[in-house]
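Following this line, the structures themselves.
Across the two complexes that follow, subunit A remains constant while its partner is subunit B and subsequently subunit C.
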Partner chain A sequence: MARSGRYMWREMRRRTLQGKIAWTGLLFVAPWIVGAALFFVYPLARSIILSVSEIENLRTFELNFVGLKWYHEAFFADIEFVPSLLSVSIDNLINLPLINIFALIVALLLNRKIKARGLFRSIFFLPVLLGTGFIMQQLLGQNVNAEAVGFARGLLIPDQLAAYIGQSGVNMIQSFLDRLTIVMWNSGVQILIYLSALQTISPALYEAARVDSASEWESFWLITLPMLAPMIQLNLVYTVIATFSMADNTVLEFIQWLAFETAEANAYEYSCAIGLIYCVFVLLVIGIIVLLTKRFVENAKEGG
Partner chain B sequence: MTKTKVDPARARVQVKRVSTGIFRILCYLLLIDLAFVFLYPFLYMVVTSIKTYGDINNLSVNWIPTSFHWENYVIAGETMKIQYSILNSVIVTGLATLGHLLSCTFIGYGFARFDFPFKRMLFFGVILSATIPIQTMIVPFYITYTNLGMIDTYLPLIIPTYLGFGLRGGIFIFLFRQYFLGFPKSLEEAALIDGCGRIRSFFRIALPSAGPSVIVCLVLSMVWHWNDYYEPSVYMSVTEKSAMVPQMLPNLYNWISNMPVDVTGSSRDLELIYHEGVVMAATAIAIAPLLIAYAFLQKKFMQSVERSGLVG
Partner chain C sequence: MVEKGIKIKIRHRDAVRLNFSKILLYAAMIGLACIMALPLVYVLGTAFKPIDELLKFPPVFFVKKPTLSNFSQLFLALDSSTVPFLRYLFNSVLVTALAVLGTIVVATMGGYAMSKLTVPFSKVLFTLVIIAMTFPGNVIQIPLYMIIKWLGLYNTYAALIVPKIAGAYGMFLMKQFCDQLPKPLLEAARIDGAGEFSIYMKIALPFLRPAWATLLVFTFTACWNDGAASLIYISDQSLRLLPVMLTAISENTNLARAGALAAASFIIMAPSLIIFILQQRRVMATMAHSGIK
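And then the complex of A and B:
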């Protein structure tokens, strides 16, 4: 159905039926176009211009073109930016599969015929209400996450085992468990997406598999996972967006500090440059994930 | 005990039954365990919020406080000026959520139903706008709103939502587009033949059918707006009457953590009043409205999710 832009314009000028439909479509999307101009294109253009210039006079906003000076500074002169970008991305990329595997497991559990299903589902969404803002940070600051898995830790690492693997081993497992709690608290939306996707899989498929004497394990790998493929891709992308825009992220904190909390010269321009680098970086990460999962999604479509 | 020979088929069935039973018990254990981890922050918050200073520093008092210390809530409420901040937050969150509901259904429908030039490019723009963290372009945003004369008002938090932007507006447009793509065209076509206009058929036919997606959008938009403290803190200076809840909370935290410590012991009195119990009481107050709203909506919300109201 999608036609070339020029063809559509001609139809629209001639007021054919297709042209009229196109006009109505544009009418529906018009608010977004206005919004995009005001709150997306304009700030983005402003940001790009600022990132390649130097503010001469803050009051009149006179700008001097300085080229890629700030970008150069970010990568080669700033001793903090690149390491903090790396540490943020490593942290988030470790959490990415963990969040998704955990969310999928919980969604699978909740999708079974269990008692008090409604209650459990509501509980698993609760941490989303806490958000990722100040409240969450405050609780993390109180080490609530460490306490929450505290008793689980006692079960997982008995003393004998602790003696065997040594202190560093225990510490590793402990930091992993701490990470796991944060992962759990951040996976509310992902659980919902998987849960709603699981509902759309036809029970007939499972029945057919059972008749052919497939075990539950087999039907998970051969039915559930392929059917979920597009949603897994979507969830991975959503997780990247959510984790990379979390408020306690050191890069974002750095941008905030540059923009509003420091009196250093050229902090505005530098913060724009770093912001743009970060944007491009996040988009690259998303692009790579989409490319990597493309094969998986397409295979699943063909198989199903 | 007359029958010594065991029917092998029946034995197999029994073994299977026992193993599924064990599996089911394990599932429940896992669920209860996880539920505890998820509930823990709330339990901790509620319990700590009614503890006295003595209880908090007493290691033997873990879950059940020696007495209920409701004063924490009074102090937290006064420090946060809840009579203003909760009202402000409710108004802003309400208006912004309404904006998302109105604009994103409309725009999402446009993308799902009609063919128009540059549609793919525009929709890519929607996705792009949802992926970029606002923090990365905060300076140009600040400049934009200054130019529009919106600084120190609630408008920067509200206006963009009516145009499909604001907090993750792109995600909601995506959500509604997916929904309307799956919604059969025939109903609207019938209405069209009967002389109903496109816009009217959107409001009369498509929109009323989008209930599940509307509920999902309502809950998520509400939660995200209520919890957002980044944008309000940038666009508005904190004054007693105009501050919102998420702005007052950090204020309280900072104030308590930077409490003057002096050797004469007068800060000891302050410490007796302002302690972690107050912090947790403040936190509880801050999320109480959300919890109440969620309590009303959760049944519908979960049903909507089940009926694939999410990116079906």
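And then the complex of A and C:
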């Protein structure tokens, strides 16, 4: 399987048994390759070309090379792009540890011997399924969610208390609750990953620690956390990808608006440029996270 | 005697503490589960509320006098529009079914081959899968629009189906899952004279069942909820999908339409929920073992 492409190609031309299997393999993957080439690779390449060009004539799609003009404009002329990129990033980076800590806590709770564990697991996973997409945006737009949250708020903040802590206090608690909802609704997958990782840790380790009179608190920091290290890294990366590609963030909305909802000049090219900047930015964030957690993961491997 | 008494006492205290922490645990779990599920329950429940309960403030959470009038209202509201509700329903069912079927076939075949057959340049392909998975889809929408026009798919059902089929996530999931399929099994089948295609049909597909059940749930939800694509690639109103209709209702919401909107939300949401409940065991197993959505 790990044979080089050139070797495979030679085998395929000679029609050996190896080559025959390779042909079949290629045939099996062919539909996917065609699809990905047409609907991902080609559009991506086209998007890169567009981002350094100016459309001369929209009907014939004549392009003029303009270099990094749109990139320059995004960073130095557009007064909206950089601030909204920053605010989206800050928001997501605040959520990143919160989502992961919450997911880890829930996974730890689920890992105990409790009844109806499967039911709880499914409930925590539901928002992953229904909390995204067009329909949820509609519902959020219709304030259905706000009503439901408001309902919970009514239970949490009684009027007397609200009168006592004042409007700013209520606002603070409300923004906290809003964030809490976002965090909880985005941690379904992470919970499952942590849970399955927890179940692979051998109980013998905990038993040995208990014999050596370690408290549960200590064995969490010295056994559980190091054993989970690779999964924590994976989950952090996954969370970044998931939160940065949620369609309701202002940068992606801006890209969408430029692409389909405005008649401004050069909106297409500009939208492509901004989109690519955004992608590179997300990849950078992922790279930084991997670098920062690398030591932690390697230490954990050596220790374990 | 004394010793025994002490022993019993300790046991008793332990048992009480255990129960107390158990209760705390359950309380925490139930509390969290409620916060997670309440908005969903609320939306589902709202579809059955009569108009006076719908407009009550503060909103009532549980429906007191359930009614189906919202659904009949929905049909009435759409009766006056040029495109009947059933047409949207038909479009959505057709597009979703074909997209789901296509995705599963392409992903299982591809993932099986990538994992168990020798595919030239499989490393490059897998890197491509990873890159595609990290990409927010919005970024390449303009060229995507152009290529759909160029292929002549614009304003056909195919525009809503074909681009979705070669998804990166499905490919990734199937490849990861297939890596767990023991190779000797395949070799034995090959020695017994089974062709590659029948190995795929008779061994790989049944083995991959939890994985493609998961893919089924996710692709179904994604397609069923996705109205945006049908707004962009379709100009003919009668070929558009259910979520578009929901938007149309919600945009000119007046009080009388609130019920219709609630019913429409229910219709969009319920099928995903049902499919998930039916397949949840497989979904959970898959998510835990091979992967990430």
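One rule holds for everything that comes next: the second predicted complex is superposed on the first by the 224 of 304 C-alpha atoms of A that agree within 3 Å, B and C clash if a C-alpha of one lies under 4 Å from a C-alpha of the other, contacts with A are read in each partner's own complex, and residues count from 1 in each chain.
Simple rule for what comes next: a contact is a pair of C-beta atoms (placed from the backbone, for glycine too) under 8 Å apart; a residue touches a chain by one contact, two chains touch by 3 or more.
Since the structure is predicted, the reported quantities are computational estimates derived from the model, not experimental observations.
With both structures placed on the common chain, the touch criterion links A:Met231 to subunit B but leaves subunit C unconnected. In the overlay built on the shared chain, the residue A:Thr200 is in contact with subunit B alone; subunit C does not reach it. Looking at the shared chain after the overlay, A:Gly67 reaches neither subunit B nor subunit C. Comparing the two interfaces of subunit A, the one with subunit B and the one with subunit C have residues 1, 3, 5, 8-9, 12, 18, 21-22, 24-29, 31-36, 38-40, 42-44, 46-47, 50, 106, 109-110, 112, 114, 118, 120-130, 132-135, 138-139, 142, 144, 147-149, 152, 181, 184-185, 189, 192-193, 195-196, 234, 238, 241, 244-245, 247, 252, 255-256, 259-260, 268, 271-272, 275-276, 278-279, 282-283, 286 in common. On the side of subunit A, the complex with subunit B involves touching residues 1-3, 5, 8-9, 12, 18, 21-29, 31-36, 38-40, 42-44, 46-47, 50, 106, 109-110, 112, 114, 118, 120-135, 138-139, 142, 144, 147-149, 152, 181, 184-185, 189, 192-193, 195-197, 199-200, 231, 234, 237-238, 241, 244-245, 247, 252, 255-256, 259-260, 268, 271-272, 274-276, 278-279, 282-283, 286. In the complex of the two chains, the subunit A residues touching subunit C come out as 1, 3, 5, 8-9, 12, 18, 21-22, 24-29, 31-36, 38-44, 46-47, 50, 61, 106, 109-110, 112, 114, 118, 120-130, 132-136, 138-139, 141-142, 144-145, 147-152, 154, 180-181, 184-185, 189, 192-193, 195-196, 234, 238, 241-242, 244-245, 247, 252, 255-256, 259-260, 268, 271-272, 275-276, 278-279, 282-283, 286.
By the touch criterion stated above, subunit C contacts subunit A in their complex at residues 22, 25-26, 28-29, 32-33, 35-40, 42-43, 46, 58-59, 61, 105-107, 109-110, 112-114, 117-122, 124-125, 128, 132-144, 146-147, 151, 162-163, 165-166, 168, 171, 196, 200, 217-218, 221-222, 225-228, 232, 243, 246-247, 250, 253, 261, 265, 268-269, 272-273, 276-277, 280-281, 283-284, 287-289, 292-293.
Note for the complex: subunit B touches subunit A at residues 27-28, 30-31, 33-42, 44-45, 103, 106-107, 109-111, 113-120, 122, 125-126, 128-144, 160, 162-165, 169, 171, 173, 198-199, 202, 220, 223-224, 226-230, 234, 246, 249-250, 253, 276, 279, 283, 286-287, 290-291, 294, 298-299, 302, 305-312.
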